[in-house]
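Look at the two complexes coming up: chain A is in both, with chain B in one and chain C in the other.
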Partner chain A sequence: MSKWMLIPCAVLAAATTVTAQDARQVVAEAQARSTTKSQRYEGRLQVVDAGGKTSEKRWTYTRLGSHGASKTIIRFTGPAEVKGVALLIVNFPDRASDQWMWTPAINRERRIATQDRRTRFFGTDFSFEDLEERDVDHHTYVMEGEETLEGERCWRIASTPRPGRRSQYTRSTLWIRQSTYSFAQVENFNGSTLVRRLRYRDMASVQGIWSARTLEMHDFTRNSRTILTLESLTYDVPLRDDQFTVQALQRS
Partner chain B sequence: MILLRLISWPYVRKHAGRALLTVAGIAIGVAVFVAMRAANDAVFGAFTQTVSRLAGATELQVTAGFSGFDEAVLERVQAMPEVAVASPVIEAVGATGLPGQGNVLILGIDMTGDRSLREYDLESGDAAVLDDPLVFLAQPDSLMITAEFARRNGLRTNDRLPLDTVDGRKEFVVRGVLGASGLSGAFGGNLAIMDIYAAQHVFGRGRRFDRIDLALTPGVALDAGRQALQQALGPGFQVQTPSARGQSFESLLRIYRLMLRFSSLFALVIALFMIYNAFATAVTQRRAEIGILRALGATRGQVGLLFVVESAVAGCLGSAVGVALGYALAGGVARLIGTLLEGIQGVGQGQAEVTPTPWLVGVALALGTLTSVLAAALPAREAARVDPIKALQRGRLQVLGAGENRARTLVAAGLGALGAALFVGTTSLPAFYVGYLCLLLAALLLTPWLSVALVRLLRPALVWLRPTEGMLAADSLIGAPRRTSATVSALMLAIALVVGLAGIGRASHGQITEWAESALNPDFFVTGSPTLTGRDYRLPEAMTGELAKVEGVAIVQRMRQPRVAYRNSLVLLMATDVESVGRTARRTVLEGEAADMYRRVAAGEAAIVSENFAAGFGVHAGDVVELAAPTGMLRLPVAGVVREYSDTQGALIVDLALYRKHWHDDTVDLFRVYVSPGAVPEEVRGRILTRFADQRRLFVLSSHQVRAYVGRMADQWFSVTWVQIAVATLVAVLGIASSLTVTIADRRREFGVLQAIGGLRRQVRAAIWMEAATLAVVCLVLGLVLGALHLYFVLQISYRDYPGLRFDYAYPSLVALAVCPVMLAAAVAAAIGPAESAVRGSLVEALEYE
Partner chain C sequence: MLLACAGPTPAAAQPQTFEQRGYLDLTLTGYPQEALNDPTQAVGDLLFRHEVTWRKGSLKIDGAFDTRVDTNDMTERRMALTYWDRTIQRPLFAARRLSASWAYKRLTMDVGKQFVRWGKTDILTPTDRFTPRDYLTVVNTDPLAVTAARVAVASSTDSLEVVLTPRMTPSRMPLLDQRWVVLPPLPPGLSIADRGATYPEGPQVGARWNHIGRWLEHSVSVFRGYDHLPALPVSLVPGTGVLEVRREHPRLTSVGGDMAAPLPWVTLKAEAAWLGSDTPGAQELVLYVVQAERQVGEWLFIVGYAGEHVQREPSTFRFSPDRGLARAVVGRAALTIDSTRSLVFESVVRQDGDGTYARAEYSHALGAHWRLTGQAALFRGEDGDYLGQYRRNSFGAVTLRFSY
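Let's turn to the complex of A and B:
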């Protein structure tokens, strides 16, 4: 899963207030502060559709590596109809991730076609592209100013994909908390249309890293929301490479 | 206009029945043409629409014939920079357990990527499930059905739907209902969506896909993308647009379309003769009026134009009626074609909607009118040539002048010689057709002369039977050959057609039965589909050993028979245990030496080709065929040509091991099972069914069932042609009635004189009946002889053009014998009306007639 969303920035306790700083440096610092060797949590995913109807899934999330060179396994633990389904996501710094799924009911793994990165991630309001790890060098940044968001002072930074990088969004606006260098909000646009907004809430320091324990994605085209709640979040847990293979996927 | 009002209109009113007959002739011809074309357009239009609906936003499709390919190919395609989205597909026909619902087309797709290509337009269902492919993927019993199918069967989301799988009948859960647009309209709603990996399991496909649907990266031109994919995948794969692939599939139906076109053409030719007859009658009956007109100063042009305009009016009217009638009939014809299509696809298209199109209406009106004007052109020319003096002399105009006779004979001889030369001496297909046309024209030109010659031969017998009546009948026919030539020509052609159809029916039925007995001779065929042609439910290789262990089973032969691409066609590849099959089911060898042929093919060194493959592609023993396998081009020498009727496109027989090596496909379509000597086949069949009862969906077909199925398929081939036979009989009745009407009109005074000098009514009746019967005999003799030639032509078409099957020439003697009483009875029946008209008319009027 994307560090951008799931690994909020750590706080530098002694950070001095930066009044005017290079936008790229801010994003790079946010990325640096969230870098860990591994991560594990139990997630609760609630999708609230336009009519207010809510559906829920639960998973356990395990990640090895960081920022563009990580491997992740998500195992669904509920509800009953998806229990046992597992996903392996291998992220690459220079191309879209490879993904496999293990379906216990038919006892086989399958490669997931995610060439169209606009596709919604299994009925949530996240697209596959939203879940990709973005390296700071994939975009160009422009500092647009400062704003207070939910009581916190933030830098407002415009982000545009570098030439040659394909994205469903023509531009994004990032809000990064000045106090902790952690993301507060990301708005994604297609032209002048706001497509999705991601908010990072319930911030807490976990093993010295400022982390959001609630992520809320709002899809404006469908007027639906997805709320991801992170429980039992831990960093730098001991994990091995062979735990992140297609064969390992089958071992639940 | 004045002439039309003063001359034509009173005639039409006086002879309303005949006018109706003329209009009916055009109407029938146009109706058959419109019905065939409209039904054809509707069914194939629906097919094209189905292809388009199934394709969605797909720009290109990757296939390897119908053999499918490894999953790994998908990754190769997805990795290409030219490809934006590539989604695998399995397309198979699944049998539902719902009464009266039969089969549905199951589209196995990967929901994670496929929604970029196809709009699923979900109408109802649990939003969380429908919107969440994870649930759909996690539960392999998930199905989405169409609103139409749900409505017909009272199904709602979360209801259960029984569906046959390779493991037997299973219950699936309806997790979504597709709305009325897009995909839902395909196959009349008999469509269901399933996860592709579940579909692999349901249909026993192993880790293979049927095809890949893809969209290109924005900015990549279609042709460039196609070329890049083709180059990357190699010649074993076909990269086509969905419409092009649809056209390849449509080509499998070429034979049916050809037959329908032939029927339309036949209907128009028959209409031409009917109209010619009607106008010939009119000219005869109105010769006195024409004479008077000419005497009063009407020019030849005016008289000729009068008939042309009359024919155009009749043509317009008849065409209009024909168009309406045609569209009324089209629904039924569409159902017939739909049934044929369903036989090939396995699932019906649904009711094809026949809607009038301005183009077809316009063409039909123009064609009908043109046909009418063309048919009337000759009688109009005759009318224009009427000499005012001769016009009052009955019968003179029906005599062929010596000059005309000589000219006809010369032209006929020339055409006959040219036709025979082209017919026999060339292998060129167009030359062959031209040759046949020449021979046909020669026969038509010689018809009056041949008719007279035949009647002269028959005259002594007629006189011997009834001296006065026989003589009158014979002399009437000898004296006026032109009057009867159209009827004789039409009837001769109709009988020839019947003979041709019966002949090919007999030959094909006989030979196909013989082939079925030798090639389809195992005691049982064990398949996953209810027919031998079904390839949707595949069986695993492991079953070979399991079957062999069943008590009473002596031999098990495996068969996999996908369609593969060969020179832009999809031919049947029959991959089997050739060594074993060569010992148990030897086909008739047309080229090559049997023992050597089977040995080389069993060793994987060569292939055997079917006769129609050899004819269709010009391949002979010793040549090399190049097959595009997924692993690359496979070059195989042809070890022999055999009689094999499994497929109309042609078939190649190769060893199963060779197929598996190059296609990486270890599934089996069917097992040929022979029981041990002394074992009771029915008991063995029961043991096989019991052995796999809880494990597999199995059909154990006896050789008797299979042969009956083959017989039905062969009969279906010719089902459309019965319409032609019905039209031929109708022509016989109408033609003879029309011809005799002319006779009566021509000889009204003759009959009056006969009665005035003491001739009895029954004598007059007998004379007319004998004339009708003689006419029928002449038609029969000429028709049966021309039929012999026509049969040869039809057999040559089936061999040289399509579908490339060589049937032995065998004259359908029984049918020929059966046609004789039918035609004689039709002739006499057609003579009743005119005969009564002749004897019941006023004697005074008859004597005053001239």
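Let's turn to the complex of A and C:
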């Protein structure tokens, strides 16, 4: 191989390293800016099926910790038939989460099988994997360029699960707002097929953290949408570890 | 005094909340075949359940109240509120739950009529000794609460709970003159008379330790009290031709354990308990269950085996839904179709092939308050088998629920 061919290859390799690092740095910065000790909100879920029929659920969401090492309790508050159903999710940085569900109708907690994180969460368009907290180190990133999305200038970043990291998605495309380092959109693919698109809307600074107060998940395989509206969103709520145990789930 | 002093914040300074919810269930059940002792082929059942919760700080009070009526004399007509759940029929009015709960950091205390659920398996839960059930229709069972004091200390990985009940709550077995009790043919001149129940008055105690590890969650439990399932001694009244049957509850000691292991392909769950008794003529055995479950997309599959190792058979008849499901392969498949619709199939097949039970259920939420559920159940088998004896009890049922 001639040295003239080596030089462009070396330049290209260096450029790729720089842009890959930049992409990771953008995602890391977005994660750093959204890292909090805890979070609480009241969520309103509207599921719109392919025929346009809408069903609604409400929950309270409480999380302790952030990004990969967190504990979450989701407690349904409506409609009446699911009121009181609660879910404890314990996320780990290096493996699938542990999950328990408390069903007041049978007064029993039940450990949930989590082999298939593609499973939709309570019939919504969010899968269990979509609800897990992701850490920046779970994926590799490549900067694909810049784009304007809904009037905001964004970085467009390709994200691929690291080898050994199990995911239903073979790749994702992230749009991160340049002005606030907040997520604007995530498209999740299986091969070349777009499976789900998550849009982060209705942005507001809550305690200095740019937060979406509306999340819209579109499942293209079913052509249905779930709109999650976050109300009474607060961060760094004083919470204790003993509020996120299976015993605590029962009294939630 | 302890409650007032130990909390981190004075209760008076904390806001109080009051929540309530409930539902009205109307169920119509149709049996295509007449039973030998019960010609009734259509039954209507109405249940109104109202639940209230009051919270102030770390103190919580839960109450639940049932009102029932049915067309088949399964419910008493006595206009009284029942607390102890010791009636042969279902009560017309019942305090289903009435308990106070107080939590402080890792400690939780519950006092009153409450549900104490132990075990991890779904098919049969041999360690679940504090959960009597309403077995009036055998298949669709409803857990009953027990009056107890319960203290639990829990961390993120370990929990220890101790339960004391001042008196036992029995399971409600099927009524002798209805189709869910299948009696052998009696010689001419003999008849059966239900002489009610004799309930023990002593206390029951139990303790359970649960540990959540990285690869394995497991628990160990002990119980000393009474069997909530009745033994049925039969005696002939001299000179009358009447066989008297009454319900008795032998003493029971149980030592058991359960585990759940989330493996890469399946979640493995197992549970076993040794059940012994110092009551003469009572049974002694080990009940165990092994089940595997896996979620595939919107399907949840559970397959398992329930077994028993009998050390001493009982000397009297016994209502045994637990042993009736033992020595059997059990399967369940549940599909979440969408946010409003679900489908369930389940079956039990005895290993000797003498009894089979299969059920399908479809449920559909209609708006925010209504749900329509249809189910069909099929029994097949031999007379001498627990499942097979119900082969005339295959049924279809529709339930309309209004939740609020």
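Convention: the second predicted complex is superposed on the first by the 231 of 252 C-alpha atoms of A that agree within 3 Å, B and C clash if a C-alpha of one lies under 4 Å from a C-alpha of the other, contacts with A are read in each partner's own complex, and residues count from 1 in each chain.
Heads up, the rule we're going with is that a residue touches a chain if its C-beta (ideal position, glycine included) is under 8 Å from a C-beta of that chain, and two chains touch if they have at least 3 such contacts.
None of these values were measured; they are calculated from a predicted model.
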Identify the partner contact of A:241: answer first if only chain B is touched, second if only chain C is, both if each is, neither if none is.
second
Just chain B (first), just chain C (second), both, or neither: which does A:146 touch?
neither
Regarding the shared-chain residue A:108, is it in contact with chain B (first), chain C (second), both, or neither?
both
Check whether chain B or chain C contacts more residues of chain A in the superposed model.
C
In the superposed arrangement, which partner chain does A:81 touch: chain B (first), chain C (second), both, or neither?
both
Touch check for A:55: first (chain B), second (chain C), both, or neither?
both
Partner chain(s) touched by A:135 [first = chain B, second = chain C, both, neither]:
neither
For A:42 in the superposed arrangement: first (chain B), second (chain C), both or neither?
neither
Just to be sure I follow: which residues of chain A are touched by chain B in one complex and then by chain C in the other one?
47, 49, 55, 57, 81, 84, 106, 108, 110-116, 118-120, 122-123
Contact footprint of chain C on chain A as seen in their complex
47, 49, 55-57, 71, 78-81, 83-84, 90, 96, 98, 106-116, 118-120, 122-124, 224, 240-242, 244-248, 251
So, in the complex, the side of chain A touching chain B is made of residues 47, 49, 51, 53, 55, 57, 76, 81-82, 84-85, 101, 103, 105-106, 108, 110-116, 118-120, 122-123
Using the touch rule from the top, collect the residues of chain C that touch chain A in their complex.
21-23, 60, 101, 103, 105-106, 108, 115, 117, 120, 122, 143, 152, 154-156, 159, 210, 212, 217, 260, 262, 264-267, 269, 293-298, 300, 336-340, 365, 368-369, 371, 401, 403-404
List the residues on chain B that touch chain A in their complex, please.
71, 74-75, 78, 83-88, 110, 112-116, 127-128, 131-135, 137-140, 197-198, 201
